[in-house]
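Next, two complexes with subunit A in common: one pairs it with subunit B, the other with subunit C.
After this line comes the complex of A and B, so read on.
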């Protein structure tokens, strides 16, 4: 029993955790870029752009994550099959990352919007006075300061994202939860296996939350 | 591009699923609220024997995906023969009750955090004044603390209600035919994922958006005549501001 755990199942769980972390990391990067774009569109964008950004957020917030995941996974398969003319099986990893990134972006957009709005106006004016182009002013003056303000909300979203990766198990990607389901089928000890998975999730979310708290403290050095 | 006849055909079945989603949401929110109030008081208590366990419960529940919690209750508990042989087995065998127990326990943790935060926001002076007037602890809670806390907690609780409705979609993973489960069944019959999932998404969107609008109106009504208070209500942020936790 112990040997089984060490040789096979334990390793399978670790692989599941690694898959989960890679999904979360890629979705985090893609979602952050999308989120910053959404946030800036809501602040600086022309009316049509602003309204579409608002509509996007409202829709994603109003619909369960599972529906978004199914829509992208099954819908994507049908769309690609129609376009290419032959059956295409969409990669679960890609579909999962895309779905989680789209969901992440909807919430991150509002966090960045709030953070950018909190950077004092004088900063923008000073950048203009120094002759910086609007683009340079945004990327070199506004965004770096907004990051500090966005950090607490961003950290919460990152932890939620880690937990949301468990939803990808419904489309068959063998992340931590899917791996636990497979193992509990083999060992007939679902409670034990799922509890081990729960502890792994708890450890990972605690580490990430601790990391973000420290990053928050570090980034606030020198601010009253 | 979209086949509207498939959408129209799927609609009645999806609405039936939405009924299940509604039943699940109401029962989960009720169970969550029933557990959340004592948990919130325990969390704010002075004694470590009260706030220690409450804090650990909230920390653990919030650190684990809710889908895993559903699986632990539905698949996990059946591992033990004492559960299978107990009088409660008909409940733990039924996916309907398993979802309600798992998500109810989950919602309790988040709701407790919201209520505990709102209770802490009630100005100390008001409580002291109530005590100075000779009100007992229960009277102080009923006449001073709770009315103020309810107003402070509403915006965050509204968020929690919406998140719970969305979280009931997890029921579809353990064979329940809620709105998401009904949609999956329709897709496997028609293989028209766009049409069916878009329709299901639209129904979810209508439910969550109209409910959120209603709750916000209720919130404005409650804070009528409390301009200052209203601003505080807006500024009040739960531990995780305006963000999904499930």
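After this line comes the complex of A and C, so read on.
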């Protein structure tokens, strides 16, 4: 029994955790870029862009996460099959990352919108007066200050994202939850297996919260 | 580029108007500033002083009339705005230093991004101006660690690092505690000695007397009176200017 855990099942759980982390990390990066774009569009964008961004948030926030995941997975399969003319089984990893990134962005967009709006107007004016381009003013002056304000909310979303990766077990990607369910079937010790999985989630989310706390302290440099 | 010429004054405004909704902030401003001239603009609050100087580097967009700065016509063309902003420095009432950067980084940023200076060159320039405003020893600090007067001197140094031809100062001492006004005024007086073109909105009449070539008095979005400081302070021509002066000179 102990040998099985060490050699086979333990390893399987670790692989599950690694897959979970990879999905979360890629979704976090993609979702953040998309979220900042949405937030920026809502503040600076022309009307059509602004309304599209608002509509996006309303739709993604109003539909259950699981349905978003199914829609992207099956919708992606149908679309690729149509385009290529033969049946394509869409990559679970890609579909999972895309779905989670889209969901993440819908919430992150509003966090960034709020944070950008809180940076005093005088900062943009000073940047412009110094001759900085709108692009440089945004990336060098506004975004770093907005980032500090966004960080607490953003950290929360990142923790939620890590736990949401468990949802993509439904499309067959063997992340931590899926691995746990396979192992608990094989060992018939569901309580033990899921407890171990829960502890792994807890360890990872704790490390991430700790990281965000430190990032928060760092980003407050220079602010009295 | 081709729309800039080197003729005429440093700043030439004619019939400039600006509205905020239904409020007319500027009602046909005509103003010509010569190279090296020091101008002080005063007037009651809401008279359009700040709006006027903010139109010169297009922090505010004017609605009518024309503004030519260093031979460049300011209109919808973005290339001219960039060119003008490169030659025009600005100091704000509320300092507007970048809080996430050190004093030194505040001064180095624009010369590197806009003028294309290398970090080492930008640092040399920054240190030399920080020295001139006597604050080089605080270069590694963040703005929030400095007093208001020190922050405003850094803001002046930051603007100077771009080596502008024209300096706009928008009530630079109004947000300061009384005991810090003097250090900033002294820095501004030194700046004026350099021969730079200066346009300053201020109620510091001592500064106006000492430095200004011309005082401009505004009320309700228009230039009501202008003249040399001795004449303006001794014998204001209009009743509105007399009322205003009786309130600021105590």
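We take it that the second predicted complex is superposed on the first by the 224 of 224 C-alpha atoms of A that agree within 3 Å, B and C clash if a C-alpha of one lies under 4 Å from a C-alpha of the other, contacts with A are read in each partner's own complex, and residues count from 1 in each chain.
Keep in mind that, in the parts below, a residue touches a chain if its C-beta (ideal position, glycine included) is under 8 Å from a C-beta of that chain, and two chains touch if they have at least 3 such contacts.
Computed from a predicted structure; not experimentally measured.
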Combined model on subunit A where subunit B meets subunit C, clash or fit: fit
Partner chain in contact with A:144 - subunit B first, subunit C second, else both or neither: second
Touched partner set for A:132, first subunit B, second subunit C, both or neither: second
Where the C-alpha centre of subunit A sits as vertex, the angle toward subunit B and subunit C in the overlay (nearest 10 degrees): 110
Touched partner set for A:122, first subunit B, second subunit C, both or neither: second
Touched partner set for A:223, first subunit B, second subunit C, both or neither: second
First, second, both or neither for A:51, with subunit B first and subunit C second: neither
Partner chain(s) touched by A:210 [first = subunit B, second = subunit C, both, neither]: neither
Which superposed partner A:190 touches (first subunit B, second subunit C, both, neither): first
Subunit A: partner with more touched residues, subunit B or subunit C: B
Minimal inter-chain CA distance - subunit C and subunit B, angstrom: 25
On subunit A, positions contacted by subunit B and by subunit C: none
In the complex with subunit C, residue positions of subunit A that touch it: 120, 122-123, 125-133, 136, 140-141, 144-145, 148, 221-224
Interfacial residue positions of subunit C with respect to subunit A in the complex: 57-59, 82, 85-86, 88-90, 92, 94, 96-102, 109-110, 113-114, 142-145, 158-159, 162
Subunit B-facing residues of subunit A, complex: 58-59, 61-68, 70-71, 74-75, 77-79, 107, 110, 153, 156-157, 160, 163-167, 169-170, 177, 180-181, 184, 188-192, 194-195, 197-198, 201-202, 205-206
List of subunit B residues in touch with subunit A within their complex: 60, 63-68, 71-72, 75-80, 162, 166-170, 172-173, 180, 183-184, 187, 191-194, 197-198, 200-201, 204-205, 208-209, 212, 240-246
